[in-house]
Amino acid sequence: MEINSWHETGHVPVTILQLKGDLTSEDELVQKAQAAFQDGARNIVLDLSHVPYISSAGLRAIHMVYMLLRSADPVDEEQAARGIARDTYKSPHLKLVKPTKNGLKALSTAGYDIFLDIFDTNPQAVASFK
Amino acid sequence: MEINSWHETGHVPVTILQLKGDLTSEDELVQKAQAAFQDGARNIVLDLSHVPYISSAGLRAIHMVYMLLRSADPVDEEQAARGIARDTYKSPHLKLVKPTKNGLKALSTAGYDIFLDIFDTNPQAVASFK
Amino acid sequence: MKSLTLRYSGATVRDLNDIREFLESAILNLGGDENIAGDLVLAANEAVTNSLLHGYGDQPGAVSLCVETEGEDLLVRLLDSAPPFDPTTVPPPDINRPLEERPLGGLGVHMMRQLTDELVYRATDDNRNELTFIKRGVLSPVQ
Amino acid sequence: MKSLTLRYSGATVRDLNDIREFLESAILNLGGDENIAGDLVLAANEAVTNSLLHGYGDQPGAVSLCVETEGEDLLVRLLDSAPPFDPTTVPPPDINRPLEERPLGGLGVHMMRQLTDELVYRATDDNRNELTFIKRGVLSPVQ
């Protein structure tokens, strides 16, 4: 797994993590996200367009990145509680871009596609952060 | 196995049989050669440049084509007897072009490379017939 | 019937890449399409990972993967010699609960179930674990 | 140790193409180079052909091909359930005689011998023919 990262600014600053290769272990992605978080990143796009397979370990990594970003936003927590009740909650801090067919399969077997917005392109994902 | 055939004329008329695919059964090549022979072909070039593998069945087919051409030339028979004794005999009627690495391996395990001239190109093979 | 088998005497998680590639090409070779291959690779990848990490405790262990056809069905069999474990007894996670309320992990067996038509466990006569992933009616009858 | 196996319950000569492709890719996958692959594919192709034509009399028959590593050696094993036959007993042809004096055919076993370092026959406990093609010292020690 290779991970490239860079910053873009829409309404707010956004960090893009572009993954290349199978996402089948949690370490690399979690470490990269933690490093970005320590550098101040609060909004992350995971570009999954070059990830042939995502395993349950990969899903766990995405889960951890989600929790990490959420931990820094008390407002999100409260909104989540209300939003989830109405089935409309999507994470405001973590967005996904263009998972492959098999990647999407993994995400949806786990129900992650319900709580995470998925976009076709990085610019669309960046623009969606408020 | 796909076999294309066409005619060229050097010092004498020559029929080129260009083989494509593994030469691992005798039927196709033998049939094609017999048809050419019935149409009057007496000199044949086997272009082996597109033949990944030659099996013992393929060697048997080459052997049969050799015998077929030889059967029509009584002079060859007599020359062969003398030539073979001196270790210099090569078939005057059947020439091979550019066998692949694995093709050449098969030909040489069987000792066919001793009795059949091998050329790099079709024009060279055509020009070699007297 | 035709089958393709990959066997390791001492596999580790570093072999998982290779295993996924083998499965993908074997499934396509036996007449499965890319969709079927994707599902079975994802499912089997989870099982092998569990066998290596939970079964063998992250030590090199014997595993073999066999892709085979049975009429119009496509099967992947995983055999290992780790302590007996039947993953079909693992209760399903609640995937409708929000992420913050869910435990990390516990999705592997769920993925195996979701991505196959049937998941069959048995202990073999020589005491190995055999886990079979079945996709039904996915091959053309001519096969 | 790692191995790759292709198994048929009823193979015919129409499967030979597929068998050669399997052997080639399995040998490369296990660390053999193209030269070694070429030799072993040619040799094993002869053996499978004989097994199907002479052993099973051109009727569909069970064959399995296993490519495996043993230290620095690369092995291909052919197993069939045809009547017992030990090809290593076939006398070598005289390949120095001119073509017109040679019988047609009779080169298959010769090719098997020439293209491998060792050719080993044994009847298995369950009465199958097992023919093993060995290339010695062709893998890097790290393998």
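Points worth noting:
Should a chain be cited, it is by its letter among A, B, C and D, assigned in written order, with residues numbered from 1 in that chain.
The rule is simple: a contact is a pair of C-beta atoms (placed from the backbone, for glycine too) under 8 Å apart; a residue touches a chain by one contact, two chains touch by 3 or more.
All values derive from a computational prediction rather than experimental measurement.
Where touching is counted per the definition, chain B and chain D have no chain in common. Seen as a C-alpha superposition, chain C sits on chain D after a turn of 180°, to the nearest 5. Seen from the Cα centre of chain D, the chain whose own Cα centre is farthest off is A. With centres taken as mean Cα positions, chain D sits 31 Å from chain C. Rounded to whole angstrom units, the spacing between the C-alpha centres of chain A and chain D is 52.
Centroids built from CA atoms put chain C at 27 Å from chain A. Work out the mean CA point of chain A and of chain B, and you get 65 Å between them. Two chains count as a pair here when they touch; such pairs are A-C, B-D, C-D.
Chain D makes touch with chain C in their complex at residues 1-10, 18, 22, 25, 29, 68.
Here chain B touches chain D in the complex through residues 22, 24-25, 53, 55-57, 59-60, 63-64, 66-67, 70, 77, 80, 84, 89, 91, 101-102, 105-106, 109-112, 114-115, going by the rule given at the top. Those residues of chain C that touch chain A in the shared complex are 13, 16-17, 20, 34-35, 38-39, 41-42, 45-46, 49, 95-96, 98-100, 102, 104-105, 107-108, 110-111, 114-115.
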